[in-house]
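In what comes next, chain A is part of two complexes: it sits with chain B in the first one and with chain C in the second one.
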Partner chain A sequence: MNKTILGYVPEESPIYNTHPATRILFLLIVSLFPMFISAPEWNLLLVVLILILMRYSRIDFSILKLYVPVAVSMGSIILLSYTVFAGNHPEFHELARVLGIRIYYERILDAITVYFRILPMIFIMIYFLSTSRERDIIVAMRSLRIPYAVTYLVAMALRAVGMVIEDFSIVRQAEQARGFDPVGKSIFYKMRKFVMYIIPLFALALRRADEFANALIARGYSFTGLLSNPKRADYVLTHYQAHYWDYLISFVLIVMLVALVVMRYGLGMLSLEGSLTEQLLRAWLLN
Partner chain B sequence: MSEAPYISVNDLVFRYPDGTLALDKINLKIYDGDLMALIGQNGSGKTTLSKCLNGLLKPTEGSIIVDGLDTRHTSITSMAKRVGYVFQNPDHQLFNSSVWSEVAYGPRNIQLPPEEIKERVQEALDVVRMPSRYYEEHPFFLPKGLRQRVAIASILALRPKAIIVDEPTTGQDIKQSREIMEFLVDLHEQQGHIIIIITHDMPIVARYARRVVAMGQGHILADGPTAEVFAQPEALAKTFVEPPQITQLAQRCADLGFSPRTLTVEEMMEQTRQILNK
Partner chain C sequence: MSDATMSAEQSAEEVWAVEEGEERSVGVIHIVITALLIGIGAVVGAFGSFTLPLGFGVNFFWPAIAVQNVGSIWFGAWGVIAAALFPIISNGVAGTPVYVSLAYIPANAVQAFLPAWAFRQFKGDPRLRKGRDWAIFLISITLGNIFGAFWGPMVVLKSFGLLTTDSLPLFIWGWFAGNEIAGIVFGVILLKALSGVVIRSRAFVKKWFA
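Then we have the complex of A and B:
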């Protein structure tokens, strides 16, 4: 098993036949796809495709349930901000008035569109972090000729992510050891109780950031500018090789991105107007 | 020591999600009245075993019976009432805005009435000798020694029969280490708790533990009274543990009449006096 940033993936997973740079290109390019897709059903299809890729890459699906509270809370915040804080719009279709707050059809449609744009991005990030080790990301960034200082900063951030995930696991066990049992409780209960994980994590992160900074200074680190590229000792010793399929995948990704731009702005496809979601919502709420 | 064990570990196997075999066919009985130290090199399986004992980790194979309950089928809340676990770093478990509410968190989780919560919190804070001026302080801003006490009090408030304390003396000076250990011995002797400490500090083990379980590579290498286990240097060497220096000295001077089971300087002095008086 390979320990990745978000979990474990078998060493035999086909994802490890690709160069880390290909994987980071996948993250960067596919994350842009939802920006050119307004129709929620197409973004939902993108989520399904990523789930299929996750299965193909032999990612344990049980990690996804950890992100359900994130997805639900994010959806709730978007819906609330687009409906309760929507303001006054006489030009919109008013559906209801609750305690003086006007709920508009157009704002609900906007909330759904935004939510289904963000959702694939979250899944792409989960897919990427579930299959990538810290060193994969550093190698990928170097392959893409990203300046040393940026790579260094990202490497430190990734180390922090790994430590926070480990801390999270211990904090969760520490709460369980005091009788906190979320099994069978509602998602809202779990979301409400999430604060008790956040506070120790935040406290630990603050203390650790201080130690981290002191450790760097104690070893003579000084910031010399983003473009400097001093040769330093490297702890990444694994050698990676790019294959023909890495170039092929990168090429296909770029073609797909260009095709999306053309479809969206050249042909007017993938827009919200006339989309299946819009038709269904209109039929349900307005007729 | 009573006949029926409070905790019974039967052919326990534990494997982590990455496939690492952490515990391999462990059998262990922990009795009412035990004050036990779990020792062994890093990665020997001490912490994994102790987390299995209170149900935080479920066995891959085998079973653990605590007070008649199988950890595989018992809720976390029920286990927390029976086996408490104090984590090495108190910062992992402190999140409430005051010491009082931090200690009250566990009793609230097991849905005790407010009066009993109050009684238990006061009792736990008294036991850890927490000065009352800190009750309304934020735990985050207390010194580490006090944070450790809050962490222990928060477990005591659940009144578990057994308490596992992970590396209680790490990062503490000798005075604080002794205070913590004497406090744990008090809990054992006055309150009747089973105490299990996980530690690398052999002088502390020699001075305070009545029983030692030495682990290495997921197996139990030695289990018995402290002096007996420290008298098995071959078994301890397998897990890179050395007995305290005073014990090693006594073992090397065995031909002069010193007992190889000597654990403390006081014992060594007493034997020296006896040998000189002969």
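Then we have the complex of A and C:
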């Protein structure tokens, strides 16, 4: 199993046949797709395609449970933002009035449009984080000729995230060993007690900074050395090779992006007006 | 004289003053501290993003603001760089789209830059010894949070078409309150608890980079 940023993915997952730079390109380009699509059904289709891709990549779907509260929270907030906090608009079709708040058909349609625009972006991010290991991001950055100092900083930062999570777990266990038990307590209690984690985390990080820096200096690293792109032993020893399908995927992604821009702004397609969602909602709420 | 006694006797001016013959230069330690700040910020920020999310990386309670404020006061530009970058990771883990996270960079950078600048400009003591130090801290983080609260919802979320004009105040207040309360509570505790140690460490940045 490969440990990725969000979980574990089998080593034989087909996603690892692609070059890490292709996966970064996928994140950056496909995240743009929903911005050119207003019709919710097309964005929903994009979500379904990403789910299929997740299944194909053998990602454990239980990771999605973590994001259910986020998706529900975002959906609720968008809906509130577009209904309760949307103000008075006599030009819109009023559907109902709840406690003096006017609910408009156009605002509900807008909320659905926005929600279904943001949803694929979340799924793309989950897909990327579920399949990417720290080393993939570093390799991708090196392939893109990003300066050594920047790549090294990102590598250390990603490693630091893992270390802080371990530290967090150690601190939590230490607190529990001393009788601290937040189970069943309110969220405000937990937030207040968060200080018991943040100070040890900082203190550990400060101590570790010295150890880290000393270790690097002992290996001949210097700030100027970091900046001047010297040849150094690479701690990522696996050699990645871009295959023809990497170029093909990259090319297809770029073509799809251009096609979407043309469809949206040249041909007026993928817009909300006349979309299936709009027709269904209009039939349901207005007729 | 022990380091601790020296530190206790250092005035706020002395904390920031570069002594005659003292050479300060950018070193590996600063790269390391930036990386570690990104690590702490990403974990603490993700915690906030999952606790009370308003959506799109805006939270009613975001303890990572303390990492931005305190990190930049102690480590200058390195803290600002970390503050600008770690929300990309923490927001990403919490499901915020990558382009929204990237667009937040100016807000996060300013939230970190203002306290760093204020403490250096007005020679505030990071150990918060006097009322003046408290005022510098509170005013600088408040101004930073005001900027962030306007930039995040008004510039980023509005331009992405994620909010209506009428719902902007909820997000502006959500961002401001979520950052301000956590920033004051955790920022003060961190500064009081750890500044004495940090200003004696070689990672401490008196100017902007060293």
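The criterion applied here is as follows: the second predicted complex is superposed on the first by the 195 of 287 C-alpha atoms of A that agree within 3 Å, B and C clash if a C-alpha of one lies under 4 Å from a C-alpha of the other, contacts with A are read in each partner's own complex, and residues count from 1 in each chain.
Note that a residue touches a chain if its C-beta (ideal position, glycine included) is under 8 Å from a C-beta of that chain, and two chains touch if they have at least 3 such contacts.
Bear in mind the structure is a predicted one, so any value in this text is a computation, not a measurement.
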Which holds for A:Gln173: it touches chain B only (first), chain C only (second), both, or neither? first
Looking at A:Leu28, would you say it contacts chain B, chain C, both, or neither? Reply first, second, both or neither. second
Of the partners chain B and chain C, which touch A:Asp181 in the superposed model: first, second, both, neither? first
Comparing the two partners chain B and chain C, which touches a greater set of residues in chain A: C
Which holds for A:Pro147: it touches chain B only (first), chain C only (second), both, or neither? neither
So, does A:Met74 touch the first partner chain B, the second partner chain C, both, or neither? second
Examine A:Phe85 and indicate which partner it touches, taking first as chain B and second as chain C; both and neither are also allowed. second
Taking the superposition on A as described, I'd like to know which of chain B and chain C A:Ile199 touches: first, second, both or neither. both
Just chain B (first), just chain C (second), both, or neither: which does A:Leu6 touch? second
Can you pull the chain A residues that chain B and chain C both touch? 195, 199, 203
Could you list, by residue number, the parts of chain A that touch chain C in their complex? 5-6, 27-28, 31-32, 35, 66-67, 69-71, 73-74, 77-78, 80-82, 85-87, 107, 110, 114, 117-118, 121-122, 124-126, 129, 149, 152-153, 156-157, 159-165, 168, 187, 190-191, 194-195, 198-199, 201-203, 205-206, 208-210, 212-213, 216-217, 221-223, 226
Would you mind writing out the residues of chain A in touch with chain B in their complex? 1, 3, 7-8, 60, 167, 170-171, 173-181, 183, 195-197, 199-200, 203-204, 207
Which residues of chain C touch chain A once you look at their complex with the stated criterion? 25-40, 42-44, 47, 49-56, 61, 63, 66, 70, 85-86, 89, 92-100, 160-167, 169-171, 185-186, 189-190, 193-194, 197-198, 201-203
In their shared complex, chain A is touched by residues of chain B numbered 17-19, 51, 54, 56, 75-77, 80-81, 84-85, 87, 89, 91-95, 105-106, 109-110, 140, 154-155, 158
